[in-house]
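Both complexes below contain chain A, partnered by chain B and then by chain C.
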Partner chain A sequence: MSHDPIQHYQDLCQSRSQQKQPAWLRAIRLSAAARLAELGFPTRKHEEWKYTPVRPLTAVAFAQSPLPLSLSRVAAEDLLSRTTQGALRVVIGDGQILPAISSLEALPAGVSIRSLREILDTENEPDDLLRQRFALALDRVGDNAFDALNLALFSDGVVIDIPKNTSVTQPIEIVYVGSCSSTPQIGAIRSFVSLARGSQASIIERFVGLSPDGAHNPHTTGSASTPHNPHTTGSASTPHNPHTTGSAPTPHNPHTTGSAPTPHNPHTTGSAPYFTTASTAFFVEENAALDHYKIQQDDPSAFHIAWTWLHQKSHSRVSTFAVSLGGKIARNETEAALDGQGIETTLNGLYLVEGDRFVDNRTFLDHAKPHCHSVEVYKGILSERGKGTFNGKILVRQDAQKTDAKQSNQALLLSDDATIYSKPQLEIFADDVKCTHGATTGYLDEKSMFYARSRGVPEDAARGLLTYAFANALIEGVRLPALQQELSALLAQRFQLSAMDDLMGLLDEQELG
Partner chain B sequence: MTSSTETIHELANQKYKYGFVTDIETDSVPAGLSEDIIRLISAKKQEPEWLLEWRLKAYRHWRTMAEPRWPKVDYPTIDFDRIVYYSAPKQRPKLDSLDEVDPELLKTFEKLGIPLEEQKRLTGVAVDVVFDSVSVATSFKDKLGELGVIFCSMSEAVREHPDLVRKYLGTVVPYTDNFYAALNSAVFSDGSFCYIPKGVRCPMELSTYFRINAAGTGQFERTLLVAEDSSYVSYLEGCTAPQRDENQLHAAVVELIALDNAQIKYSTVQNWYPGDEQGKGGIYNFVTKRGICAGVNSKISWTQVETGSAITWKYPSCILKGDGSVGEFYSVALTNHFQQADTGTKMIHLGKNTSSTIVSKGISAGKGQNTYRGLVRIAKSATHARNYTQCDSMLIGDRCGAHTFPYIEVNNNSSQVEHEATTSKIGEEQLFYCRQRGLSEEDAVSLIVNGFCKEVFRELPMEFAVEAQKLLGISLEGTVG
Partner chain C sequence: MLKVSNLQARVDGKMILNGLDLEVKAGEVHAIMGPNGSGKSTFANVLAGHEAFEVTGGTVEFEGKNLLEMEPEERAWAGIFLAFQYPVEIPGVGNTYFLRMALNAIRKARGQEELDSVAFMKVLREKVKLLKLRDDLLKRPLNEGFSGGEKKRNEILQMALLEPKLAILDETDSGLDIDALKIVADGVNALRDGTRSVIVVTHYQRLLDYIVPDHTHVLYKGKIVKSGGKELALELEEKGYGWIQESHAA
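Let's turn to the complex of A and B:
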C-alpha cells in the first residue's frame, strides 16, 4: 500500500478546516497545514529527531473520527477505575470530550473547566485571549512538523481557568483515552490552562489506551489485583486476551449497549494502533503555583507525541513530573519559558521502557530573566530491547544573571539490548550563573548489589530492590498521596517486589535487633 | 575594578605577536577550484597517477556536498572560488640542507622561535615546517632514520614511501567523510608523514609547524601518522599566521593509526591569527582529526590548546577498535573578542574493555562563543567500556557564551558512562582569597585560570606547556573585572 503521509494529512486538514469554526481559527489551521506541507515529517537528519524513528508513525494512515467514542458501561467503569481517585475529571476519547464520564459538578467558585470545541462553537466571538493564544501557538510551531499537525487537526481540548488567589484543593485530571480499533485513530487535542495571580492547582494529565477487548495493558497500570498480569499468571500464552483468562469484562460492543446511533466503534475485528497528540499550554501568572503530572500509560502499540508548554511569570512555581510507561513510540516535549524573576521550575521525568518500545524525552528550559532557579532530574530504566532518549537543553539568555540551573539524566540499562541516547545541553550567555548538567549511564551499582547480597538478599530480589529504589526517589516527590501510592505500587509490581515483603520485614527486624 | 578594566583594555589591544608577513616570492596557482587546478597541483608535486585519481574522486564527491551549517558558529558563506589552493615559497627544485632554504624564510622561523637550526639540537625536537602549502624543511632526519622512523613531508613520503602512504591514506578519514575533509583530499598540498616501526620508542618529540603566509590562500595540509606494534611517539603541532583583514581558510586532515600496543600522543597548540578586537580577519580553522586504535591495548591521546583562529571547528576523535584500547582528549579552548570555537571530540567504542577520558576546559571572554560538542558512542560489541567526561566552562564578562552539547549513545549494559559539566564565572571567594594575600587582581585571575586548565596543561610536553601558559596569559589576562 503506497501511502503519502503528507498528502494524507493534508486531506485530513482540509476536511477539518471545512468544518464550522471561527474564520480566524480556520486561517490558523490552514497556515499550520501549509507549514506541515512545507516542512514534511522529520527524518534522522533533523537534529531534534536524530534518534527517533518517525517512519512507523507516518506509515500509518490515521483517521479522525467525526463521532465521539462510545464506551460500554463495563469499559467505562474499567476506565474510571484507572483514574486518580478523588480528582475532578475530564475524559477525552479519541480527541473528543466525553461529558457522560467526566465529573465536573463540584467545581470551586470561579474555576472554569470547559470544552475548547464548545467555546469555539457556541460563542461567536470567543475572548481575545484565546485568539492570542492560538496566534502564539502558530508562532511557536517553528520547524516542528508534529506541532503543526496538531494545530491543524485538533478536534477538542480543555480550557481551564483558575481565578486569582484561588487554591483548588482537589486535583484536576484530564484523561486522554485512545482506542485500538480496526481503523487507526488519531486523537489531536489542544488544551489551555491558566493560573491567575496567586492561584494554586494540581493538574494530572493521564493517557490511557483501550484495547478492542476493553482490557488494558498490565505493564502500564499498577493495580495488583489485575487478573491478567503476565507476571502472575505466567502460563497464559496471550494474557491480554480475556478469552483465555476468562475473567476479564466482556468486550464493549455498541450492539450490545445500543446506546449510540452509529458511534465510531468498530471494535470487532483487528486492533490497529492509535495516535494521541496532545498539546497543553500552561500560563502561570505571578505568584501562582502549579503541580503538573503527566502519566502516560498508552497501549504498547500506540503512538504518542505530546507537548507541555509552561509560560511562567515572576515568582511563580511550577513542578512537573512526566512518567512514561506506554506507547510504541512516545515523545514527551516539555518547554518552560521563565519570563520573570524569582521563578522556580522543576522538570522531572521517569521513563520505563521494555519490549521494543521507544521513549523520547525532550526538554527545553529558557532562562530569560535573572534570579530564577531550575532543577531537572530525569531517570530511565531500560530493559529488553527498549530504547530511550533524553535531550535536555538549558538556555540562559544574556542578562539572566544569578541563574541557578541543574540538570541530570540517569539511565539504568537492565539488558544488553537496551539503548540510551543522552544529549544534555547547556547554552549560556550570562556569566554570573551556576549551571551544571550530568548524565550517567550504567548498570546497577556493584557495591550496592554486594551489600544486599552479603546480607542474604537473593540476587533477583536485590536487583529489584535497587531498581525500585532508583525510580522511587522521584515518586517520593509526588505531592498527591493517591497518585504517589499508585505509582509506587506500580513500580513495586514492575520490579516484582511483592515477593520481597517478607524479606523487608526480616531486614527491619535485623535493624531493630 | 576600574584598574582591571583598564588592564583589560590594554591587554585586549596587545598585538598578536606572530602577525608579521614574510616577504617571499611564492609560486602559486590561480585562485579557484576545478579539475584542472587539481591536475596542476598534482603535476607540480609530480605525483603518481593513483593519487591524482584519488584527488579527483574526492573533488567530484565534494561537488555533491553542501557546506555544513550545524556548528554553533556564525560566518559569511565562503567563496571557494576565491581561494588560492596552492602557494609555495619559490625555491630550487630540491632542498638538500637547511643552508639552501631561503634566508628570508629562516628568519621567519627564527622570529617564530622554531628550532630549525642545528644549535637547537639540544631541545631535542625534530621539526617539519609547513609554510603556506608546502613543507619547507625537516630536521633530524638522519638520526631518526637510524631507528627506522620516517618523518618527512607528505610530498616526500609520496615519492619515497608510496606503498605506505597508499596503504594508510584516507583509511581513517575517507574523502567522503565530510565537506572539508573532501575538500582537503582534493587539494591537499603537503603535510607531514610519520611512521614509527615495530617496537621503536621515538627518542624525541616530533613536531610540525604550520604557517600561513601568503594572502588569499587557504592551507590544506594532511598529516598521516602510523605507529606500528608496540611503538611510541609524541607529536607536536603548532600554528601561526600573519595578521590580515581577510578571513583565511585552514582545512587540514590528520589521521593517526595505532596498531597493537602502540601509543600516540598528539599535542596541538593552535595560535592562528584570531582577528582583531572588532572581529575582523582571522583564520577559519576547520579541521578533521581522527585516530584509530586499530590494535589491542593501543592508545591515542589528543591534547589541544586552542587560543587562536577566528573560528575553530574541530573534533579530534578516537575510534577505539582494538580490545583494551584507550582514547584520551584533553582540551583548553579560549575565545576572546569575537572568536568562536565549536570543538570537542568523538570517542567511538567498538572493542571490549575500551576506555576513554575527556577533559574539556572552555574559557569565554569578551564576546567569544565557546562550544563543547562531543560524542561518546558505546557500540554493542564494546562490552565493559568505560567513559568519563568532564566539561567545565568559565565565563569572563557578560557578553560571551559557553555551550555544552554532548551526545551519549550507549548500546550495552556492561558499560559505564559519566558526563559532568559545569558553567560558572571565576569564584568571588577565590579572587578575594588571592587579593587578600596581596596578589594583584591580574595575577589572581591568571593563577585561577591556570589552575582551571591545569589538568590539561600537565598532559602537554614540557616546552609546549610553557608556551601554552604564556599564550593563555596573553589572550586572557586582564579580561576579568
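Let's turn to the complex of A and C:
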C-alpha cells in the first residue's frame, strides 16, 4: 500500500473543489493543485529546503474532515484557558471556525471579523477585492509547493477588516487548534487581515495542539526539559475525546446532534499527528500600525507550515514576533513587502527547539521604496538533538535609497548534538543604504556566568537564568502585558527558575504606600 | 580572616600576580592602590574565583579554609563579595528578580529560610533607602543601560543585601559624583560591625576620607611593594607612583 503524496493531495483537492464555491475560486484551487503536481514536493536538493526534513510530512496521508471539530466542555475550557486573556477570539479547529467558542459579538464599531468560508458560501460574488487577493495568492505561489497545497485545500479562514483611523484596543486572537485523533488531520487555513489608513490593531495568531484526552501537552507550555512524549501512552480510557459526539455545548456544531457521520473514528485509541498549514496576509495601508504575534505551541508530533505575508504602504508600522515552541517539524515563513516610503518594519523571532524537533525560519524583507527602516532579531535556543535554521533575506531594490536594515540571528546551543544553520542573504541594488547583518552561534557569556555565580547563584541555576535572559530580552518587547507575562512565565518554568512573582507589582504598591 | 601568601596567577600564559602577600584581619579596612595594569583587578577576581585566571602558586586562606578550592558561588556563600570594576549588563533579567535570586541562594546555602516576595521587598526597601537608589533602576533589566555611577551604586546595593564578611570594592569610586561617593561610603560603613572586613581598590584618596583604611598597600607588577597606614594613600596621591617604581627598578 504505497502512498503517493501528490496523488493524495490531488484527490483531496478534487473533493474540495466539488463543494459549493464561486467558479473563479474553484479554478484557482485547481490551478494550485496543478502547480503542486508540476512542482512535486521539495527535496534536499532544493536550496530553500536544504535542511528541512520533508519526507516525514509527505509520508502521512492526512485527511481533511468535512465536519468541524467537536470539543467536550472540559476540552473547550482547557483550550480557552490557554488563550490570551482579554482578547477577542476566533477559534479554528482542524481548519474550520468554531463559532461557539469564538467571541465575535462585541466588536468595536466598524470592525469586522468574518469566516472566509461563510463569505464564499453565502455571497455568490464576494467583493472584487477578495478575488484580487486570491489572484495575487496564486501568482505568488511560484515554486513553493506547500503554498500551492494550502491554496488548493484551504477549508476556512478569517477575514478581518479594520476601518480607517480606528484603533482596536483589545487584541484580536486567532487560535488554530490541531487535534491528535486516530486519523491524521490536515487543517489548511487562509486568512486576510486589512488595516485601512491610520488604523491600529494587535493580532495574535496562536497554534495549539489537542491530544486525544483534550488535555494540552506540557511540552509546549513550559516544562520542556522532560523529553517524554505524552502521546506514546495509551489514551483508550480518556473521557474527553475532542471528537466525542454529543457532549459539546455548542449548538452550532453538527457533532452535537449525534447523528452526523464522523469521517474519522473518534473513539479509537490512536493518536496520529496533525498538520496545520496557515497562510495569513496582512494589508497595512498608509499610516496604519500593526503589532502581530505568532505563538506556535503545536503538539510535538505535529507538522506546521505557515506564512505571514506583510504588505505595507507608506508610513505604516508593522512589528511581528514569531515564537516557535512546538511541532515535530515547523516552518515559519515571513515576507514583508515594503511598498511605500517611511515604512517601519520589525521582524523578530524566538525559537526553542528540544528533543528531535526541527524549526525552520525563513524571512524575506523586500525594500522597494526609499526611506524605510527594518530591524530583524531572531534568537534560538537549541538543546538535545534539536535542529533549526534561520534564512533571512533582505532585498534592497534600486529605488530604495536611504534604506536602513539591520538583521541578526543569535543562537544558543545547549548541547553538542543541537544544530543551527544560519544563512543571511543581502541583495542590495541601491547605493546609499545602511544594511548590517550578524549571526552568532554560541554558548552562554562567561562574564555573565561569573557575575551571577559570584553573587551566590549556583552554576546550574545561573545557566538557567542566563538562558532565560537571552530569550526574555526579546519577550520584554511584547506590548501586550498579559501575553508578555505568559511568555516570561513559560520561559521561567522551562529553565527552572523560581516562580516569577509579581515583584514589580509589589514595588508599585509600596511606592504608593 | 584572609591570608594570602606568595600568590601567583597568570592569564593567557602571561604572569600577572608575582608573589602577592596580604593579611586582612576581621574588622579591618585595607586600601590597595597601584598603577594601571599592576594586577589589582586580577587579584580581586582571583579572590572571587574567576576561572580565566590560573593560579600557579601560593595559597589563600579565608577563615581557615582553602579559598582556591572553592567555586565562585561557594565563596559567595562563605561571605566573599566583589563589587566589580566593570559590572556586566544582563538584559532580560529584572534587577529586582536577580537580587532576590542571589539573596535566596545565599540564604539557602547558609541554612536560612528563603524569603518570599513580601519579606524580600521589605528588606530591599530598607537598603534602597539607605543607598538613595531610584525605583526605576529596580524595575529595569540588570545593569542594562545604567550609567557608570548607577552600576556602581547597584553593586553596593547587592553588597548591602548580601551582607558579606569580606567586601572587595574594585574602583567602586570611579565615575561617582561627590554625593554618590558619600552614599556608597555610607553603605560600606553601615556594613562594618567590627567583624566584617573591606578591601578597597582605588586610585584616589577621596573615597578613603569616608572609608578610612587601617592599612594601605601599593601593588606594583603583581606584588605588594609597599604598605603603610592611611597616610600612605595621601602620599601616593601627592607624589604618584614614580618614587616607588624607581626604588623597584631592577
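By definition in this document, the second predicted complex is superposed on the first by the 451 of 513 C-alpha atoms of A that agree within 3 Å, B and C clash if a C-alpha of one lies under 4 Å from a C-alpha of the other, contacts with A are read in each partner's own complex, and residues count from 1 in each chain.
The working rule: a residue touches a chain if its C-beta (ideal position, glycine included) is under 8 Å from a C-beta of that chain, and two chains touch if they have at least 3 such contacts.
Nothing here was measured: the structure is a model prediction, and the numbers come from that model.
**Q** A:183 contacts which: chain B (first), chain C (second), both, neither?
**A** Neither partner.
**Q** Figure out whether A:43 sits in contact with chain B (first) or chain C (second), or with both, or with neither.
**A** In the superposition, A:43 touches no partner, neither chain B nor chain C.
**Q** Pick one for A:441: touches chain B only (first), chain C only (second), both, or neither.
**A** After superposing on A, A:441 lies in contact with chain B but is clear of chain C.
**Q** After the superposition on A, what does A:132 contact: first (chain B), second (chain C), both or neither?
**A** Neither chain B nor chain C is touched by A:132.
**Q** Per the contact definition, I'd like the list of chain C residues that touch chain A in the complex.
**A** Where chain C meets chain A, its residues are 48-52, 71-73, 75-77, 81-82, 84, 87-88, 90-94, 96-98, 100-106, 109, 116-118, 121, 125, 135, 138-139, 141, 158, 162.
**Q** Spell out the residues on chain B that touch chain A in their complex, using ranges where they run on.
**A** So the residues of chain B touching chain A come out as 70, 380, 393, 395-425.
**Q** Looking at the complex, which residues from chain A come into contact with chain B?
**A** So the residues of chain A touching chain B come out as 47, 51, 398-399, 401, 411, 413-443.
**Q** Can you tell me which positions in chain A touch chain C when the two form their complex?
**A** Within the complex, chain A contacts chain C at residues 445-448, 450-459, 461-462, 465-466, 468-476, 497-498, 500-504, 506-507, 510-511.
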